[in-house]
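The same chain A turns up in both complexes below, where it pairs with chain B and then with chain C.
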Partner chain A sequence: MRLGPFVLRRLAISIFVLFGLSILIFLIARIVPGDPARMALGPRAPVDVVERLRQQMHLDRPLLEQYGLWLWEVAHGNLGDSLVTRRPVKQDIREFFPATLELVGLTAIFIIVGGISLGVISARYANTWFDNVVRLFSYLGIVTPAFAWAVILMLLFGFVWHIFPTYGRLTEGVIPPVTITGMYTIDSLLNGRFDLFWDAFMHLILPAIALALPPMSQAARITRSSMADNQNKDCIASMIAYGVPNRVVTGKYLLKPSLISPITVMALDIAATFGYAFMVEKIFGFPGLARYGIQVMLNKDVNAIVGVVMVLGVVFITLNIVVDIIVAYLDPRIRLLGRNV
Partner chain B sequence: MKNLKSLLYLIILVALLAIPVIGITAASAAEHNPESIVRWCEDWPTYIDPAVGTDFSDTMAIVQLYDTLIFPNLDGSVRPHVAEKWDISDDFLTYTFYLRKGVKFHNGDELTAEDVVFSTERLFDIGEGFAYILQTKDAQGKIIAGIESVKAIDDYTVEFKLARPFGPFVPALVRLYILNKSQVMKNIDKSNAMYGEMGDYGKKWLLTNDAGSGPYKVKEMKMEESLLGEKFDDYWDGWEEGAPDFFKEFAFPGEVAIRTMMKNQELEITSETLPMEAYAALREIPGVETIAYLSTHNLQIMLNTRVPPTDDIHFRKALSWAMDYDVVVNDIWPYYVQSVGPVPQTLPGHNKDVLQYSYNLEKAKEEMAKSAYAGKENIPFTLSWCAEVPDEEKVALLFQVNAAEIGIDVEIFKKPFGLMIDDAQTVKTTPNGSVVYVAAHYNEAGSMLDTRYHSKSQGTWEQCEWLGSPNIDTAIEVALATVDEDERFKEYAEIQNTLVDLAPTIWLADQALEFGYQADYLVWPLAERVKAGKSSSPPMGYSFYVRDMKILVEKKAELLKK
Partner chain C sequence: MSETLLDIKNLHVWFKVYGGVLKVLNGVNFNVKIGEKVGLVGEAGCGKTTTMKALLRVLPNLALIPEGDIFVRGKNILKLNSRELADLRGRGLSMIFQDPTSALNPVFTIGQQLDDIIKYSAGSSGQKVANKKNIALSALHEARLPDPERMLDSYPIQLSGGMRQRVCIAFAIATARDLLIADEPTTNLDVTIQDQVLRLIKDLVEKKGASLILITHSLGLARETTERVYVMYAGNMIEMAATSLLFKKPFHPYTQGLLASVPRLSGGGFAEGIPGRIPNYRNPPPGCRFAPRCPYAFAPCTKAMPPLIDVDDGHQVACYLYQNGQEDRRNA
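Here is the complex of A and B:
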């Protein structure tokens, strides 16, 4: 498989997608009602002070000129200042994105491991009591939103049984590890602080489970049905007839093609988690990018809105490219099609 | 030689005696108990720069970090603080404050008059925060009210000159927080020329640091997450036994998290924005109690007096009589009380004898009959309520039902506050009715009257009435310029009577703030006052003045073991 040209082509397309996204979100952020400068300074700030901020943010210029100036600043690595935190958006993203990345990382592990395992076992024991339990659990998981799971988990494991911490990224008073990646679990390991790692990890468990349950349930359902479809194919029956061990049939010949659909769905779900994690982050007092994103949107913090959406855009595109590569690896037809093209 | 030997012995003795003393001092500074902490949650982010912050969340933090010349008591009166005393000139235009000696900033510098001058000038140059309370400019930038100039007479004397007499000037000074000039100047970002040679005026540094002399200093400020303050051991006014070593303010996490944290003793005081059911649930937690007290805010429906049909005084009065106030204060918010006129009842200068409208359909119909809309059916009326305050919808729906009883067809609009601000900018875009909470900026009736009904606030969300009455404007100006308090309050009372007669607003209810707190191990002066049945109306933020609280650490440890 010639991955290089494939990835390069996708990257080139991605630049255009990001460019289009930047125009769209830049315009939307600015044309929705409400004066960002007035909202930032409060209703009682004098007109001249509001006007000074509007000029500083170039809000007094035509939209096209504003976009040009913004693009120029972005080219110089500057996303502007946030009206909410009153510091560079770049700094905010650098601080909040690793927190969400860490949370979504663990969520992704739960989704992939839990979703595929449950799906495979369910398919293997199709129409047994175990399969029925998993199906019931999956339906419950799909129809219950992540924030509801967050509340349920917090009540059970924080309020009734105080097993897990329920607020923030670390226990109060604990000094965070020296910043390397911004992800506390990784940084504490890199600093050799296993106590900190455990503390940070425990803070991630409940929000990650809450976020993982709906997409994990969906992944389990899709994996199961995909496995069930492939199970009935002649090639699988032939292999079983030739005496190929069940373990090999399931692991190598059945699972691999069955994973194409679940992986695509899981990847999109994981990417979407960056955006919709805001309720869970808020409930658990987790200072991540999703919570920040909602706050800046409610405050019409134009620079921060564009910054957050662009980051999420990059995440979506990256995950899509990764999924394409994985799918191409799993399905030879896609690889060959790519070569012919 | 013998003397020298004696001196040497003396020095050694003093040194030996000093070691444990130094040791104790150093140890006491280092040995702040992490369990001796008061934690609460609020709207976030919090701006701790006194020239920027204005809301509840900001002021709760700022009052811990910075000192003021005078200090508000819980009953709404004020007392000397950093200023020991003050003189007022015969023309009431010059106020001279004499500062206390030995007041130290957190970095050890002494607070002087120069710091007061710098803090005042910085506040006005930036123009944000509470600048609007202490200085008013006209459209040309000329100072027309409030502080015109400030200067240091000597290290401990500072003089303010006012543009015109301002009766409530001293109470308004609770919003002038004093910063350490030299410390701020050292942390100015010159690369940002927003304020000319002052660069960014230290705004960036003061986002996460303090330059104050207050009882607590910033230990850690995480933007978008939390503020941890630590006791300032050298605070000039000393410390009482049991005063908390730390305070922590953090972002509101949601109702379930608050309940969980209260149960696990990870939170001492809740937010005031929980639904009724949440307070009931909190009371079920052992050791947790709730208190509610009337604030200096009230909830109103502002009526646009320049557009039909609310341009008709009888129409407005009909609406005032048609509103079912009991439902608002009994069913929607049980701790609220019906407003008595335009000024909240907790504010000094409130007129308790003013006419109070009540739900009376007969009178409403009588007024409708006198209006230009008599006999008409389905009279169109537009009403906006603020999307960020979901409970306002209940008021809007109640108003719709009540108004229908006298033939008015109310169309309701849910609008983000930003949009309501935009709408309020012109007469045409301002709806007939706007459901809005309004707060006094300083503890006097004059604050509410000035910002709500003086023509200068037309075009802002604080006056959707577009009253534009020269008589009211003059009356407010005269009252605010009256230095004698009794006289001033009489004038406020008269203005309140006039306003009630004009009915530009439906004054629904005075807001009550309700909090849950750890009554078993937190001694909270405000809660004690409320439980004793005394009225409390400290300016915004001062109800959380941590220095006056006490944490019973041993009791807390006992509770944690259970």
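Here is the complex of A and C:
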């Protein structure tokens, strides 16, 4: 399997997937009961004003025509206006998505580094006290949802010990860095403002840990069991029997085949975090895309709903392609036989 | 008599399992001299592979060795630390595993695996070995693999079963010096290439002056290849003799049954098997573990395991029928 054609094929398929997704979410957003115009204007708005907004948003036309009009706008780089923020959806996404992206980015680092290293150490010292502690805490990690962790962490590290800030992306009153990517940590570095970077980074830590704990525990468990499965295979015994030292066998011959399943699971968890983050974002007052997504859904803000879902779709597809490339790199059985691609 | 390379004394291996302990090896005694070719026969599940894995110290995590010693060149390997152990394995011991599909790591090329094996064959610190690639290529060539150069870049899935087994043998060729353990090396292969593979193993051992332990359930294979044979049953060595002697005059009822159950091409009818099967290791019979299946079992057999005793020159058997130095079947 060569990388270029593989990625091109996956991208081509992705376009169809996104197309299908857009039809689906476009319909669902409109079929759900409730009149978006009425909800936007409130119960006391006069009927003719509501009617004018409906016409303005083409909500009086047949669904097919609405979709056609929407596609036409999208083709011109326009996602329509949000009824909640009264701004173009594109502008909202441009503001909220980078916030979630840097939050999930840090979460992903915690999940990957924490999950794999805990799993590996746990497998290496299987059935010792360390392994037992990791296994116990990973149970706790999995069964406790991220929003509960968020509250616990906030109480402990925000209010009992004042180590981390508990609200927003920056300390109140601090002016954000000049926007380049929209991610404060990166923009502040690009501007050379290390004080701002530290401030933004500290604001990310608690929500990122809260989001990371459940998937990280899951990843640690999967890594451990995958290592344990492979540990008793003849190919590992064979390497040991040939005198290859334990550290090489564990770090190379055992780790590589054992990473395949945790990586797949971690990638899906990370992609899902973009959507699941809303509770944690809400608790920490973090103006992110997930929180925005829930807000527009509750208000039946049709254009914004479709916009947010499409962004999440792109995120999922991108991560899936990345994972397929990593897995194909790790596993020649997939690379050479073209299985599962 | 030549020097002893390997000496296993009274080896017990247990497996911790849910709700109990499997007492698999029950005091195994086993030795191999330098340059000797020894067979280890017995039916599936009798502990042949476990004995060898214990010798290489590659038993799974849940195994424990409550009793016994394993000496390699006079050093007790159960008392070595992991570094000394890696040194010993790298320098002297190699094992060809039963199933060539699982014995090769699926996500590394043959070349990558061979490279590390050769690298650490000089010692666990991984000193520089000159011409690693040349050693690898010539090993693959000696194992009669076509196009060794391309083989280095191949993954196991790109090879057939026979080729994989030859790759495993190439691993052994690249490093073997003292002892080669071949665990059912031909079981998973076509009959047509079984002979080639066996010849390859025999050549390798003879050329290097190494010792061979051939694990097999096929008596024919043991007869062709080895000089001395151990017969194993349910975690005990029950008979040991020079190969020719054993086939001429087997003493232990189990060995007799084993020989009788070999199907013959000439002569009609099915061979007779041994009724029953290997005992449960959780609650093994208190005496001789073969007693429940033995047609000659009598009172002492259910009390304690009979010790290995000499019945002939270099012929040992663990059976109460021969405790007086002669066959005694009056109670049967």
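Everything below uses one rule, namely that the second predicted complex is superposed on the first by the 337 of 341 C-alpha atoms of A that agree within 3 Å, B and C clash if a C-alpha of one lies under 4 Å from a C-alpha of the other, contacts with A are read in each partner's own complex, and residues count from 1 in each chain.
Assume contacts are C-beta pairs under 8 Å (C-beta built on N, C-alpha and C of every residue); 3 or more make two chains touch, one makes a residue touch a chain.
Please read these numbers as outputs of a predicted model, since none were measured by experiment.
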item	value
Partner chain(s) touched by A:Gly168 [first = chain B, second = chain C, both, neither]	first
Partner chain in contact with A:Val244 - chain B first, chain C second, else both or neither	second
Partner chain(s) touched by A:Met154 [first = chain B, second = chain C, both, neither]	first
Touching partner for A:Lys300 - first (chain B), second (chain C), both, neither	first
Which superposed partner A:Asp35 touches (first chain B, second chain C, both, neither)	first
Which superposed partner A:Leu330 touches (first chain B, second chain C, both, neither)	second
Chain B versus chain C as contact partner of A:His76, first or second or both or neither	neither
Which of chain B and chain C A:Asn127 touches, first, second, both or neither	second
Residues of chain A touched, compared between chain B and chain C (which is higher)	B
Those residues of chain A which chain B touches in one complex and chain C touches in the other	none
Chain B - residues contacting chain A, complex	34, 44-45, 47, 52, 54-55, 126-128, 131-132, 137, 139, 141, 194, 203-204, 207, 222-226, 248, 250-251, 253-254, 256-257, 259-261, 263-264, 266, 388, 416, 418-419, 421-422, 441, 460-462
Contact set on chain A toward chain B in their complex	33-35, 38-39, 41-49, 52, 56, 84-87, 92, 95-96, 151, 154-155, 158-159, 162, 166-168, 172-173, 282-285, 287, 291-292, 295, 298, 300
Complex interface listing, chain C residues touching chain A	53, 56-58, 60-61, 82-83, 86-91, 93-95, 97-99, 102-109, 113, 116-117, 120-121, 123-124, 126, 155, 157-158, 168, 171, 175
Interface residues, chain A side, partner chain C - complex	126-127, 231-246, 248, 252-253, 256-257, 330-333, 336-337
